[in-house]
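Heads up, the next two complexes both have subunit A, just with different partners, subunit B and then subunit C.
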Partner chain A sequence: MIDNIDLTLVDWSRAQFALTAIYHWLFVPLTLGLSFILAIMETIYYKTGKEEWKRITRFWMTLFGINFAIGVATGIILEFEFGTNWSNYSWFVGDIFGAPLAIEGILAFFLESTFVAVMFFGWNKVSKKFHLISTWLVAIGGSLSAVWILVANAWMQNPVGMIFNPETARNEMVDFWAILFNQVAVDKFLHTISSSFLLASMFVLSISSWFLIRKREMFLAKRSILIAGVFGLLSSLMAAYTGDESARTISEVQPVKFAAMEALYDGKSNAGLVAIGLLKDSEKMIGEKSVKDFIFKIEIPDLLSVLTAGDKDGYVQGINDHVSGNENKGIMSVSDKKLRGQYASDILLDFKNGKMNYSSEQLDSINSIFRDKNFQKDYFRYFGYSSINNPEDVIPNVPITFYSFHLMVMLGFLFILIFAMALYFLFKGKISENKWFLWIALLSMPLPYIASELGWILTEVGRQPWIIQDLMPVSKAVSNISSGSVITTFILFAVLFTVLLISEVSIMVRQIKTGPKH
Partner chain B sequence: MTTMISHLFLQHYWWIIVSLLAGFLVFLMFVQGGQSMIFSLPGNNLHKTMIVNAMGRKWEFTFTTLVTFGGAFFASFPLFYSTSFGGAYWVWIAILFSFTIQAIAYEFRSKPNNVFGKNTFDLFLFVNGSLGPFLLGTAVATFFTGSRFNISIMNQVQWQTPWYGLEALLSIRNLALGFAVLFLARVNGLLYIINTIDNEELTKRAGSRMILNTILFLIFFLFFTVSLLLSKGFAADHATGIITLEKFKYLHNFIQMPVVLIIFLAGVVGVLFGIGISVIKKSVNGIWYSGAGTVLAVFSLLLVAGFNGTSFYPSVYNLQSSLTIWNSSSSLFTLKTMMYVSFLIPFIMAYIWYAWKSINNKKITEEEMKSDEHIY
Partner chain C sequence: MTGFFQLLTRLFRFYYDGFGNMPVWGRKVWIIIIIKLFIMFAILKLFFFPDFLKKNYDNDKQRSEYVLDQLINSPDNHD
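Now for the complex of A and B:
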């Protein structure tokens, strides 16, 4: 679609978007989770009328405010970067992708921003009940905004509910509910929200542990650990469950990503699940890409087949099945997909180039080709392959995908253990005595952040080379601007975000050290 | 044919929604207007704290309206979104940059250990307050003056200058609207300060700056409006899709759409009336008249840009690449789906009004600024 793609431009545009997304995601999960923890704490205050709970709520609310502001700051750039840096993508899918973003603004952002003002400034201006409702609405607004942006992202992983219109050269929405209830969207929302809740719970647990180590604010710390422990344990169990569901869905709709997550090159039955493994380059090559091999691995026999197919004899597809095809399993090779994608692309180009000379009957006939369900299923779904040069280009970065996935899963199990132990020690009345555990809880604060970022790295790197799975490669989606402009803005944003992060962390640490002021 | 009509209806419907959002955005930029004066207006530190806190309790409304404005444009007119953002790269990046530094400045400025000191974050507020309205005004002016871009047969934009949007700053008409929006934001900021802060000395200072800012606003606004009415406009033929230059196009639009003209005049009168009762009668309610006037004036200007067979985002490089509400919109299905969502807007406005009233029912006082409440 664009001639002479400048790979420098593509790479820098990707880097800029990744930079913004990674920074943004440092703050959003805490906002999502802490808002519910605040709402729970304030509900207890409302019900019991005890001033201690108001004090606890207001302390965490101060930290929430610092984090909220920087999340908002990075969020606006992310939204507009779809246009500034990925304008061809914006047009190709704007008819579908724009709607969730607009609904996010109309339904969620206004709810959040209206009531966050009441939450911060309304303690002495509105009734206790209205204030409590406002705090809950902030929490609900935050999660509601997550719904819509995740629906949009899920569509990129598994495009559904649309039809391609050759006249406008874009995909157009035909089934809103299919997009909203896309299985990937449902999985993604539940997993993202539960992992955000556990991140916020760990944040509260870690800071409360610090207070206990310092023998300060004992009441606040223990009550906070109670809330964070229960909320965190439930959330981490839910994150594990929804993570498993997500992986199963990925194995169905993005089998190459799934194979990369397991570094599985040759598909097989009775496939084992790699619990831990270390990769290296092997002698074997797929085109110009080297095949990764395990230096060592601990594998649970048959489990991967059981988890994906529900049967230990179930066949799990490997990377090679997709690159070279596997006739026995009905998997098409990249070359075949390219031929089909090229066919669809040629019809479109032929149509667009000759549009002015066609009769209305001919135009109708070409339109009807793109509306034909079989054409969509057999040809158009491979549209993006027309831009793939080498079969191995469809393989994402295997080590990044593999390590991101496995480290995230390992951390996920660790969180369950930490929250369970916190509750155990709390109910035994021994939490203050077990300093070793308090130190572990304190030092664990960065781990959910790492796990959460790894989840997004897995999602986005694992989808490469596609920006929309099978329909549009990243290289075709980029705005046609100079790479020098993007390099400049990348540096600008990198410096700005880093400066803001330094300030945020410094303020946060000081506020924690100061403790509650009310 | 029925489908065609309803698609056209929805394209108009969504242009109205987007224009209304733009109107509210410019009104809510009283926050930026206030920020642009944080170094010059206050007579002492208390004044500055009061101004910052008055604006700081509303900044998120402006911010959210901007984000929703972008989202609604993306959803309803995606070709504009991809063309303007992907082409006029530097203008939009500068706008985003200025709003990013605003978002943290309020929360961080007076917090201990903020590393860079209060003055740095106040400078951020000043930069956003000055650049935000000015650049947005300049960007919107290109709706009438045009930009240099080409759209391919695949509807992909190729900007035709290496300045990626910054060239808009070379047009006097664009600059005039940019300055008009900035000074209007400052006027509204002063009116809001008078309305919401309980400090006689500060409100007096705000009142004394009203005249100069009003005069500057009027100079730039009148220059832009007169030049708009006298200039050639970008006429679009719906039947053929062909874009042509038409003499006095925007004047014709006003004449051919008298309701829009009435809305525009009502808006201008509203702004002037709000300023007038503030200056002459020392009323504190000027902001509501001026605010409503701002919404109406901006709303009507954007209707003039997009309705009555007009290209709302013209290309002066290739006229036929110009965008109209019908060649840049989303599909019928998407616009219809979005329309159902938009039915919630009155409900949203109702709760915003209720929450706004709850927070603003007590004026900002010196005592409150010295309390241990959530003070910026």
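Now for the complex of A and C:
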């Protein structure tokens, strides 16, 4: 039974998934973003017919190819883990997770085996137009492929469009469009795509800056900075906008995560937005968890209320509102949700036990309860709370959630500044003279990677203790396997991915040093 | 049929020439891809990542029974 599953197993399984997802995400955003930059560059070549643009496109295409090849299939390991380490979860989510992942797999396979091949092998073999179309299809297809993964993840943050079947113990999709256009999925897709565009733009800007520092490939570097600067500036502005939209949606569907992002324990009106802050443990406790307090903070008055409620007098919910409940604001306590979840759990138990001695009419009658909309809305949506032991268990790790969010946002503003400065110096014709800026641009290459990973850490750590929001806690999702085997595969993955990463970086550095073909 | 075979031949030549004329970096990444896929599917998947429910239960009915047991917070565990 679930009680036999120790925390070590849950923690190692989480650590293993985090490790593989973080490594996988080192490859994906560059593929997503750089493919669009290639498509733009090749379009300029197609329109102008200038060979320099073909050379520029082919140089960046080489780096794209290295990243694409090393990263390809690294995501499949996550699917291995679903079946082995997260079997209860995999079974429970049913076709909701399976369908989007299958579409993603088929789409990725066809794209990779056809249009990527045309991109690399097709120069001078297919028409210019067909080659350009192939490059655009790789770019668009890559993003479409990302849609399905993000839809699946968004469903875990905000489960919609399904009913639970007690007979099979699985959720069944009843509204595909509700799942596809889940507000969390839309926000997540736009934010992920824009941040990937931004990351690739910084990659191009950084390497081009290195060429300028070394006084090599000046034409290629300046033209590349022009494309990366414009694309990067637009993308970073879009990332800021979609990030704001995303935070607003989180405040509605995952209010505890949102409160943790701001380390807001007591809900209030006229809530200020913490721009910068440092947290410490205070003496106050919520159950067995200590409340975090600010050592110092710089706060913009009323802004959090304005951004979430659209009004400076708007009330922003705090962690305590959800742990203890707030009748005045119509917020249910964890204890109340637990009672409702337990009611749903008891009905499920009745159904399970009744399989042996109930008539088929009696079983149908219980089964129909799960299809009842009011039961779903008032009871089953709190099903996961039946497994929550203490009210404070619904509070995620506040410091990790707070810092990952704030660091990501700060880096986001820095990127806007860097791209704007790159364009300013380029148009003034002074980019090569400002070595200090070129060095900043070069050293900034890892920052979008850090910001992107922080975004995922915020998404996943801030959602704890849930693997599926309010329906399934992580502790119920893991398979009852030995933690020793999870530790072994954790180490294997760490070694495998590190070798892959070192290979990618070394091959890429060599190609950058070699430069484009003349 | 002739047209179809011509198309197949052209496709084959396209990939054959593409792989044949691959630059050094391309050959290196292909070696890495093959080693990576071998490790993932022939070692990791086969020896370390069996499907837990398929391995331990014979049919979907048993699997759903098991998962139900895991999901339900029985009255014994009520606070």
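FYI, the second predicted complex is superposed on the first by the 508 of 518 C-alpha atoms of A that agree within 3 Å, B and C clash if a C-alpha of one lies under 4 Å from a C-alpha of the other, contacts with A are read in each partner's own complex, and residues count from 1 in each chain.
Heads up, the rule we're going with is that contacts are C-beta pairs under 8 Å (C-beta built on N, C-alpha and C of every residue); 3 or more make two chains touch, one makes a residue touch a chain.
Because the structure is predicted, anything quoted here is derived from the model rather than measured.
Once chain A of one complex is fitted onto chain A of the other, the partner contacts of A:K125 extend to both subunit B and subunit C.
Once the two complexes are overlaid on the shared chain, A:L107 sits against subunit B while remaining clear of subunit C. In the superposed three-chain model, the partner touching more residues of subunit A is B, compared with the other of subunit B and subunit C.
Once the two complexes are laid over each other on the shared chain, residue contacts for A:I96 go to subunit B alone; subunit C is not touched. By the touch criterion stated above, A:Q511 is placed in contact with subunit B and with subunit C alike. Contacts of A:I76 after superposition on the shared chain: both subunit B and subunit C are touched. Look at A:E172: by the touch rule set out above, it reaches subunit B but stays clear of subunit C. When the shared chain is aligned, subunit B and subunit C each come close enough to touch A:A117. Of the two partner chains, subunit B is the only one that A:S134 touches; subunit C does not reach it.
Contacts of A:N389 after superposition on the shared chain: subunit C is touched, whereas subunit B is not. Across the superposed pair, subunit B and subunit C both touch subunit A at residues 1-2, 62, 65-66, 69-70, 72-73, 76-77, 80, 83-85, 87-88, 90-91, 117, 120-122, 125, 168-170, 352, 479, 481, 485, 489, 492, 496, 500, 503, 507, 510-511. Residue ranges on subunit B touching subunit A, taken from their complex, read 57-58, 60-61, 63-64, 66-68, 70-72, 74-76, 78-79, 81-87, 89-90, 92-93, 96-97, 99-104, 106-108, 111-116, 153-159, 162, 164, 330-331, 333-334, 337-338, 341-342, 344-345, 348, 351-352, 355-356, 358-359, 361-362, 372-374. Within the complex, the subunit A residues that touch subunit B are 1-2, 62, 65-66, 68-70, 72-77, 79-80, 82-88, 90-91, 94-99, 101-107, 109-118, 120-126, 130, 134, 165, 168-170, 172-174, 176, 352-353, 355, 479-482, 485, 489, 492, 496, 499-500, 502-504, 506-507, 509-511, 514, 517-518.
Partner subunit A is touched in their complex by these residues of subunit C: 14-15, 17-19, 23, 25-26, 28-30, 32-33, 36-37, 39-40, 44-45, 48-54, 60, 63-65, 67-75, 77-79. Within the complex formed with subunit C, the subunit A residues making contact are 1-3, 62, 65-66, 69-70, 72-73, 76-77, 80-81, 83-85, 87-88, 90-92, 117, 120-122, 125, 166-170, 338, 341-342, 345-346, 348-349, 352, 386-387, 389, 472, 476, 479, 481, 485, 488-489, 492, 496, 500, 503, 507, 510-511.
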